[in-house]
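Provided herewith is a single structure, encoded as structure tokens, for subsequent inquiry.
Chain IDs A, B, C and D follow the sequence of writing; residue 1 opens each chain.
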């Protein structure tokens, strides 16, 4: 089967983002989506450290230590961009003004619960950042992650075992093997990579309630 | 006795305002204080419609309908002034950042309760504006009013009969006849106009607990 | 491509429905979206709830909307003015509902809606008739009143300059309620004096980022002309 | 006359007392008041509670303050970073207390303090371990967590330009927590790159009005030099 690499996953997420959408891309994997936004759409990226209309990474010579994204990487600003403080930025996030937020995850449950901030392991130092605000705030929350851990465990689960970030907030999960839609009726497979049979995917995720939503 | 006129009352209030103070002057009588600020002190006036560093009234030719004070009169701006929206303005007021607010009043009680927004009369249309926010917000609230109503009733009372604006918030009352300080021990006369005896003043206010605080 | 410009004020308010909750900017005459209100009168929506600092004065703007019988309820801090006779008459006749809110609480409730908060505790109004029937709570050594957010279907505001993304800057004290109302409505409509090329507004000085603005209407005339007209 | 200028960073932080609660601006390296933190280390105050987005990284700034053993407690959203080894070691040794707060809740609690609110209800964190033991309340059709304001004795922030009234403007994403922290402390100290003549800052673009700033210290060096130094 043709497992998607990270760039292909990012391109697949980007393909679904509408012209004119206001979008926050979470730290890590979702940041890659910025490199694949369709050139014919005007998509406005928000960074929770107070930027709307964020542009791509600058050339090394043009880096400005005071123009960074939420992942603390140098970025640029597009015409039409604006700056605001953290209070206003999280009012924007929490108040439901973003159309979409793409987040990474440790686990997503069949009811859309999200776990992406803390492994809960003994001795691990917790750090939450803006993850919980994004999880409750954006109009639509999607997750972008590899379906299986390095150890072969599925990250789409019946019930999260890691500490939660938000309850029933994820509506779509983009993975390297399939795309899953989550609603009150459960989980449907929206797309599968070439060469992966539905039944094989069901065995990988390990729960019977998975439905095939492909027309 | 030498009753103070309104300009004299305003000048007396102004005399007590320290260099560098941030001050809100309520609508009506307190607005006059702006005309009497000592020239050798830098006092920053706030207007609750979003101005800090408000200046005096402009010449008629220089009036700008978008540069008005809380009483909707044309004003000017001083070097160092800034504009902000109503949310930020009332955060500034409510958050205890103003050193002083001078308010008008219908009644002030011996415990510092303030009534200045509504007569409570049958058929009267209530309007509160920013009075209740100012009453709880500024670090020090003083009132400027004539001591007696036109009908000869004292406005400094044992208990307010008009609907309240704020509880135990007034610490000084400037009137045309005397200045009163209010604290948890009650009311002390801080100053009296020339020719008014303390006992005569006590009879005017009509409560026995008035103390003479003049040294 | 994003372009939030709408050709006319009437088009901008075309979908305001009967019973809608409408935030209206302005403090006195500064920042009052007069042309949008005129368009709303022409458009004809009824049973409106208007949330604004005042309840109209003279014959124009909100006063005219009230006079036309379109407003079922006003939420405001200061309805009584020397020339608020249309509101006064409707109120005395029992034909309009009034929810009186302290000005800072009005602002804070609008901000809470825009920021997605479920409610706030404010010290304003404690022990007064405007806190009657409301939950109060002692926090630390002080009493506070519980207040709910004020959400709206539409916000009509006036700004100075806009670009096609809907970024806004205001002028002097006409800023007042505009920036916070823009955050609290599902559809914010801004009338502006000037529309500039994208990128011409300095990112450091934009007061309302375009994310909060759905429609922009350029109104011809000099800056402050609307307000001058009312003052005349 | 109002003049909030202070000659040196050390003078500006001279009265920070043992046990003080100190807000520290900055997100990553942008907007970090490095010179004020260095002065605080030199000044020697102990048992501090530091409220900041991060808990220091590398060897400079907050990390150095932590390393010097001056911090009893950190209130922050993101202590764990690739090079936050001083925090990590102190935390693992049980020598520092951590209150972990979601970033937006941290911002909202600081804003609530500055705005005089007694508390707020936020949807952030409902049903997660960070809401454990906190009051939750259903308002409308949604659950919210009750959060208290975060007040502080001092705020150390970095801005771009100031005037003698303490009016501030910031630069790009270095604005971050500065404007809200300035409102929540009894004494706000701003380090700036440039001090300009009163009246030179446009009243329309001032982000932090001087009322929120008690002391201004000009730090020599180009804009962003402090941050560049840390990045090096």
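Keep in mind that, in the parts below, contacts are C-beta pairs under 8 Å (C-beta built on N, C-alpha and C of every residue); 3 or more make two chains touch, one makes a residue touch a chain.
According to UniProt, the chain labels map to these proteins: A, B = 3-oxoadipate CoA-transferase beta subunit; C, D = 3-oxoadipate CoA-transferase alpha subunit.
Just so it is clear, the model here is predicted, and its values are computed rather than measured.
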| item | value |
| --- | --- |
| Rounded Å distance between subunit B and subunit D, as computed from the means of their C-alpha atoms | 35 |
| Distance between the centres, which are taken as Cα means, of subunit D and subunit C, whole angstrom | 33 |
| Euclidean distance of C-alpha centroids - subunit A vs subunit D, Å | 29 |
| Multi-partner residues of subunit B (each touching 2 or more other chains) | 77, 83-84, 90-91, 94, 136-137 |
| Per-residue overlap in subunit C, given as positions that touch at least 2 other chains | 108, 111, 115-117, 122-123, 170-172, 203-204 |
| Chain contact graph, described as a line, ring, star, complete graph or other shape | other |
| Chain-chain contacts as defined at top | A-C, A-D, B-C, B-D, C-D |
| Subunit B - residues contacting subunit C, complex | 47-51, 64-68, 72, 77, 83-87, 89-91, 93-94, 118, 123, 125-133, 136-137, 163-167 |
| Interface residues, subunit C side, partner subunit D - complex | 108, 112, 115-123, 137, 139-140, 142, 144, 148, 169-172, 202-205 |
| Subunit A residues within the subunit C interface of the complex | 19-20, 22, 42, 44, 46, 52-53, 77, 79-84, 90-92, 94-98, 136-137 |
| Residue numbers on subunit D that touch subunit B, as the complex places them | 1-2, 111, 113-117, 163-165, 167, 183, 198-199, 201, 203-204, 206, 209-212 |
| For the subunit D and subunit A complex, residues of the former touching the latter | 27-31, 53, 77-81, 87-88, 91-92, 98, 100-105, 107-108, 110-111, 122-130, 170-180, 207, 223-224, 227-228, 230-231 |
